[in-house]
Amino acid sequence: QTLRWASAGDSLTFDPHSQNHGQTHAVAHQIYNPLIYLDLDSEMQPGLATSWEVTDNPNVWEFKLREGVTFHDGSPFTAEDVVFSFQRAQHPNSDMRTLISSVVEVRAVDPLTVHIETNGPTPLLPNNLTNLFIMSKAWAEANNVTTPQDYSAGEENFAVRNANGTGPFRLVSRDPDVRTEMVRNDEYWGKEQFPMEISRVVLTPIQSAATRAAAMLSGEIDFLQDVPVQDINRLSGSNNITMLSGPENRTIFFGMDQGREELRTSNIKGKNPFADKRVREAMNIAINRQAIQQVVMRGQSVPAGMIAPSFVNGYTAELDTVPATDVNRAKALLTEAGYPDGFNVTLTCTNDRYVNDEAICQAVTGMLGQVGINVRLDARANSIHFAELQQGELDFYILGWAVPPLDSHYVFDFLLETKTPDTGAWNFTGWSNAEFDSLSRALPTETDLTERNAKIARAWEIVQDEIVYLPVHHQVLNWAVRQDIDFAVQSQNQPMLKYLKFK
Amino acid sequence: MTDALLSVRDLVVEFPKRKTRLTALDQVSFDIRPGEILGMVGESGAGKSLTGAAIIGLLEPPGHIASGEIWLGDQRIDQLPYEQLRRLRGKRIAMIFQDPLTSLNPILTIADQLVETIQTHLPLNDKAARARAIQLLDEVGIPAAEKRIDDYPHQFSGGMRQRVVIALALAGEPELIIADEPTTALDVSVQAQIIDVLKRMCHEHGTAVMLVTHDMGVIAEACDRVAVMYAGRIAEIGDVRQIVKHPQHPYTQGLMGSIPSITQQVDRLVQIPGSMPRLDAIPSGCAFNPRCNQRLPRCTQDRPDLITTDQGHVACWLYEGATP
Amino acid sequence: MTDQTTPSTPPTNDGLVRRILDSDLFYDFSRRPIIILSAILTLVIILAAALAPWIAPHTPFDPSTLNLMDGFTPPMQPNAFTGNLYWMGTDSQGRDIFSAILYGARISLLVGFAAVAFAAILGITLGLIAGYKGGWVDTLIMRIADVQLSFPAILVALLIFGITKSLIPSEMQEQAAIYVLILSIGLSDWVQYARTVRSSTLAEKNKEYVQAARLFGVSSIRILARHILPNVMGPVLVIGTIGLALAIILESTLSFLGVGVPATQPSLGTLIRVGNEFLFSGEWWITLFPGITLLILALSVNLLGDWLRDALNPRLR
Amino acid sequence: MIAMLIRRLIQAVIVMLVVAFISFSLFQFVGDPINNMVGQEASQQDRAELRERLGLNDPIPIQFFRFVGNAVKGEFGISYRMARPVSEVIAERLPATLELALVSGVLAISLGIALGVYTALRRDGWLSHFIMSSSLIGVSLPTFLIGILLIYVFSVELQWLPSFGRGETVQITENWSTGLLTVSGWKSLILPAITLGLFQLTLLMRLVRAEMLEVLRTDYIKFARARGIKQRSIHFRHALKNTLLPVITIAGLQLGSIIAFAIITETVFQWPGVGLLFINAIRFVDIPFMSAYLLLIALVFVVINLIVDLLYFAVDPRLRVVKRSAGR
Amino acid sequence: MSLSVRQEYPDMKQPLLQVQNLSCHFDVSKPWLNRVIESEPQRFLTAVDQVSFSVNQGETFALVGESGSGKSTIAKLIVDLIHPSSGEIRFDGKILRETRGEAFKTLRRRIQMIFQDPFASLNPRWRVGDIIAEPIHAFGLATSQAQVTRTVEELLDKVGLAGRDRHKYPHEFSGGQRQRIAIARALSAQPDFLVCDEPTSALDVSVQAQILNLMRDLQDEFGLTYLFISHDLSVVKHMADRIGVLYLGSMVEDAPSEQLFSQPAHPYTRMLLDAIPDHEMSGRRRKPVTGEIPSPINPPSGCTFHPRCEYADTLCKEQRPAVVTHNDSQVACWAVEQARIPVKGLQSV
């Protein structure tokens, strides 16, 4: 059975350690295995490791490896390969290195046991390993790919278009952005364990949403990953298509630069309106999340009050409640804050990254306009957006955040801690709160889970109270499959094709 | 009339215009006998070319023959279906246009054009047709015809090209050639040569020619008979000598007088006032009447028919009562 | 050369209306219902676009007046949430399609006219100079034209877009977008005018009326402006008309490719691009109505241009 | 002939140099290349070193010559967006674009000429009127709309033809994979080829028609009619050849613009060619790719123009025999 | 300004225009690269070659010759539309090209031209009134618009059109009428000297007669001097006092009109005279002309006429004949000089 699979974007590279990028991992999962992976229910499952636990030394984790696993080229999988892969992933060229920055050393204790030593107790280490793929040391050495591809320098190595994994499928041909073909790996260790009904996979990226929908409708595609929300009705209306949906691990929100003296794009000079909590609150209650959900997202989203989806540790329904839209109060708040006539600001937005991102921004532009905040919208490609965002040049921006480790600390660490070279990598709001920082920084080494959860709860309290970000919604994942396919969405948007069954 | 090769009877050619129809040729009648050269003179726009085009069936739409008859020998040719008319063209009636520079297809060799024309009308194989082509070129006075036959038109000078054009017209051995101003684009000196060639060919092949021109000199030199046209009508037809020496129609008289002479010196030329009317403003009665210095009252009302006088045929009320 | 001292008066235009009504052009025009229809449609669209702020029921370019809940209202059906009725429906943002079309046509036409004017002025000027001066000036201009010609309009436009995008600070890009569109479409189109005008100029300058003017010591500039220019405008008019249609289409194409005017101030092309995403999902009106407007506009203008070309071509008469 | 060729070549080189200069300027003036190459974290010193290493501190002319030298060797640097050598990416995608362009070009030229001749000869036939009117609709509808409509009708509703991609391809050489050898390849080609070719087709058709009508009015055609030459011969031997002479130039230019217009078609049909890459490059301001593409298009045009000129020479006797007649 | 008032010239026989050794070459070389590759020299077309003549005040001087003999080129040289390669043109004793300022403007005004094609010589977008008024404005000959209008109407009247015609456009007129407008325009500059380049060759004979008569009337009225160019010998005979015969850019014979027709000296002149069609059917035999005019780029050596000349001998092939003057005429022919051709009255030289 051949599966014709389409998505909006393509895997960037087959070098498993080069890029930390959703679709790249999604494709890699078919060919490579990590030690641990998240299944369709986002539960951690043994991959190449059969068990893992902290040793007596709280800084050392022990992983037991699966026995009898071979790579696609027939060579056996051993602890050496794991050691090698970790080292490779720690190379400066690797984009994965931040996920295992706490790892000090990886040791092969015996061929089926590895010890991972971290620079402190790291209770959540396994969570960070779900996208860390294991390569064959011998193969890498033979093909001179012991270091990851230097993506930004445009380097290409053998591993970019060739792959030798332990996964359920092996790579047959690869034409970037055009077509990737894989066949079933009959030697797969999980051959008996999983359905493994697909014999061949052809992956085609289709950029244009309309074409994507058309391709699915016309039956040229069996499995469509990025279903345009507007076409869901049409697709599910078709007899030959089944829609799969489920919550996605991604929340969409707006960030505001609160730290600057003065905004770059505002008519208000000498002070920063965003620095005033009343303004942020006014904005928060000016946004009609229900309307966005119903019209822009056509129901395919969950209005959000916090920037973490439900399956993340630290999530509570209470925190996630959406503030009621109240234009009058928003206006009153603005007046109170000293902006009776509102102010001007530019909202910078992607137009190719999140589901209906530009439309969401347009809608918000209108809603803020109604309370007097005159927003100018600037929508552009995500590469430019992120480049400028990372240079800290944006006043008001859209961002979406997924939490692969399924723990709030990941959100705090990246989005909320005070921006320093080591923390707050994606905190471009200029927001800084000492109490929050100390709470957050204590989390990684906090081994007492109750205490830890209490800290998380307190930290969220601060964030929510300060209205650091304006959450919009959690995305809902929609996949379309041919009617005779039995499959389910995975919240990471990583289809594990080995689970796919035909009716 | 039976001895006429071409007989045009009351030919009317019209152009439908906005609201009206322009009558470009109005009741034109004349004959050409075999071997005869009939000159057609008249001012620009008088309808000379249209007469030629109407005879060979090449009127450009929307122009069309509204009434009248054209007979070639015993065959009426003005209503022939396209294919029959085509067979006639080149074979029985040929036509030469004014500008030798544009009459030849620039991307076909002379041989291509000649051989095709010959084979269209005569059952000759390639070789024979080519031989005939060379012979034709020879006849019209192209030196080294054998060598030059494979040249392209642009490699010939104007005079030579007009000879090629004549050769092409003669290729089907037609009975009648309509030559529309064959020398106007050429120099005086070359003009004489071309007229000579044309005359010689006609005599040798017994071909009749309708020679359209507005040059009285050419007429006087080449023609047997002349038809003078004015505003789409024939003003006068007659023997060339008669017309030159004793023009009857006041228009012809004026025309002859307005040509400067090299034999006599005059201070002022005879001058016909005004100019030929446009087709949409042809006066009633005799078309010439507003310019005529011998106008009679009836000239403004009644249109004169072509009447036969002892010196020829003239359409003028002055000669009414002359013996038919 | 000495310039004349007394300026001559331009030919008076009295009886212009009468002359137009009398002309063959008008007669031909009056006999072709399709052309009359095209002219009327073009005129209606232009007028409607020009008067958009007065006749449009909504102001689609002001986001704060939009009610998102009005989004995706089908034509002639009340909105499920708000009960509002729009006779051409609304788009994803609750924008009234009819108003958006009026405003969008305004932008499309503005870009079209300005681009054509820009291309025409540039092309005519260069064409006149090249044709009249000849020599190396001519060679230079025509070589530049050749180079230009080897880059199809869309490519030139895309390039200019790419370049300005990184040159202009992003907060100015939105306002700049429309000028960039005009510039790029205009730049990609001037060659046609230059070539046509040049060849007409070459023909005209050797006509004896130009030589006569030179005999009177009339300056070159004046000869170009007063004698030659009016006589080369015929074909320019034709190219201009067809160019207008092309410019409108090019604008929509660029907007479709996502490099045109921003989605908050949609032109017809942007409307179609945005609506295109909703074609399969059943919201056909979002793309259909702007599409039809664009088609009618381009078709009418094309028909007019086509007719004008034939009507002005003496050889076809 | 040789002189013409040389002159043409010189002109071509100049054109290429001008375009190269524009491309080069892209690098120079559009953003700092260093910023695009190194990460956020790179230190000032790293940057300075990289500048030096890349020779960005050399005088502009030297940099330009180096750029031209590299371009001649096919080196355009690394695509910012795809992080791969531009030349490699282009080489990989060019076959798709060329195939598409070729098929639409052939379609446009053959049908364009055929329909143009037909409508010129049957000027007043209802079919001609129909063709002419629909051709106007063809030029009045933006290409992308046509593409979308075709997809809607033939892929979504009728499900006859694929809506995207190239279908099955066959690898011929390392860099050349073709869709022309498989049924699905051809099926995938139909809609994009029509979409891409339609505009050029109508343009050519109208041009051929106008040109043909013009030729049919010339004296030599009249003279040929007056000689009783058969209608067929007049139309196809006498008139057509003369018609096609000026059409060659335009057809050549059209072929060039087809490649450029492929941008739109490729976007709509997700056709994996260079056009699709280009539009993405524009969006991402991927300068190396933009400049390489620019040079590529210029090269295509220059080559086509050269071929057209040679063709002209071969076809038009007035050019061919210049030397002989001048020698008289 | 009034049209009837004219400056009087003291001596009517004073040459108004003197042309000396006038030559004009056009560079017709192939592009440089072609020349290099085909190793061809630069090539010049000698359109006018060492031509000298003078025109007296109030007279009509005619130039005849076959197509391409350089008639129009001389006309354009005289009115300064193109510049000579060598030689000089004096008008009223002054060299136009050397004068500056007001004097230049005045000279320029005094020499006007009438062109061959009445359809191309009037700007189709201008009204007749504006066309005729253009020189008036350009030379500043009127002080008020009313004066301009009056002058234009007077001029229209003079050339046989109505004053109200000034509101019309050229296309509303016939060829003959347009030529009248062109004449009126030339006259509006108040010239002394009119260069007429085949003013009637595009017209029908009946209209030609009108124009020729008009030109004569105007000459009488205004004391105009004409340089009259035509290839039609009978027209030339009718109009000219003196005739110059051009062949391949050189003046082969220059004689008073009657003398030229009664005693043509140069063989080429004879050939031309013989080629005049005998439209009066006086029975004069027309001699067939031999050969065609050679290319002016590669003119024959010696006397350029020798390939077509029945009197040519080796000297003619080798050397260019000098100009011989006899009576009132000049001839450039070896055969005449060596008396190989009997010419009446020439022996006396």
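Chains here go by letter, A, B, C, D and E, matching the order in which they are written, and residues are numbered from 1 within each.
FYI, a residue touches a chain if its C-beta (ideal position, glycine included) is under 8 Å from a C-beta of that chain, and two chains touch if they have at least 3 such contacts.
This one's a predicted model, so the numbers in the text were calculated from it and none came from an experiment.
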item: Partner chains shared by subunit B and subunit D (touch criterion as defined above); value: E
item: D-E compared against B-E, more contacting pairs; value: B-E
item: Between subunit B and subunit E, centroid-to-centroid distance (C-alpha), Å; value: 33
item: Geometric centre distance via CA averages, subunit D-subunit C, whole Å; value: 25
item: Cα-centroid distance, subunit A relative to subunit E, in whole angstrom; value: 91
item: Centre-of-Cα separation between subunit E and subunit C, whole angstrom; value: 50
item: Residues of subunit C whose C-beta touches two or more other chains; value: 258, 276, 279-280
item: Touching two or more other chains - residue numbers and ranges from subunit D; value: 148, 152, 156, 267, 283, 285
item: Junction residues of subunit A, two or more chains touched; value: 210, 214, 217, 380
item: Chains touching one another, given as label pairs in label order; value: A-C, A-D, B-D, B-E, C-D, C-E, D-E
item: Touching residues on subunit E, where the partner in the complex is subunit B; value: 66-67, 174-177, 204-210, 212-213, 216, 231-235, 237-239, 258, 261, 271-273, 275-282, 286, 288-289, 292-293
item: Interfacial residue positions of subunit E with respect to subunit D in the complex; value: 30-31, 33-34, 36-38, 295
item: Parts of subunit A lying in touch with subunit D, wherever the complex brings them together; value: 12, 151-156, 175-179, 204, 206-208, 210-211, 214-215, 217-220, 380-381, 383-384, 390-391
item: List of subunit C residues in touch with subunit A within their complex; value: 62-69, 71-72, 81, 92-94, 170-171, 173-174, 258, 262-264, 276-283
item: Residue ranges of subunit B in contact with subunit E within the complex; value: 43-44, 157, 159, 187-193, 196, 214-221, 240-241, 244-245, 254-255, 257-263, 265-273, 275-276
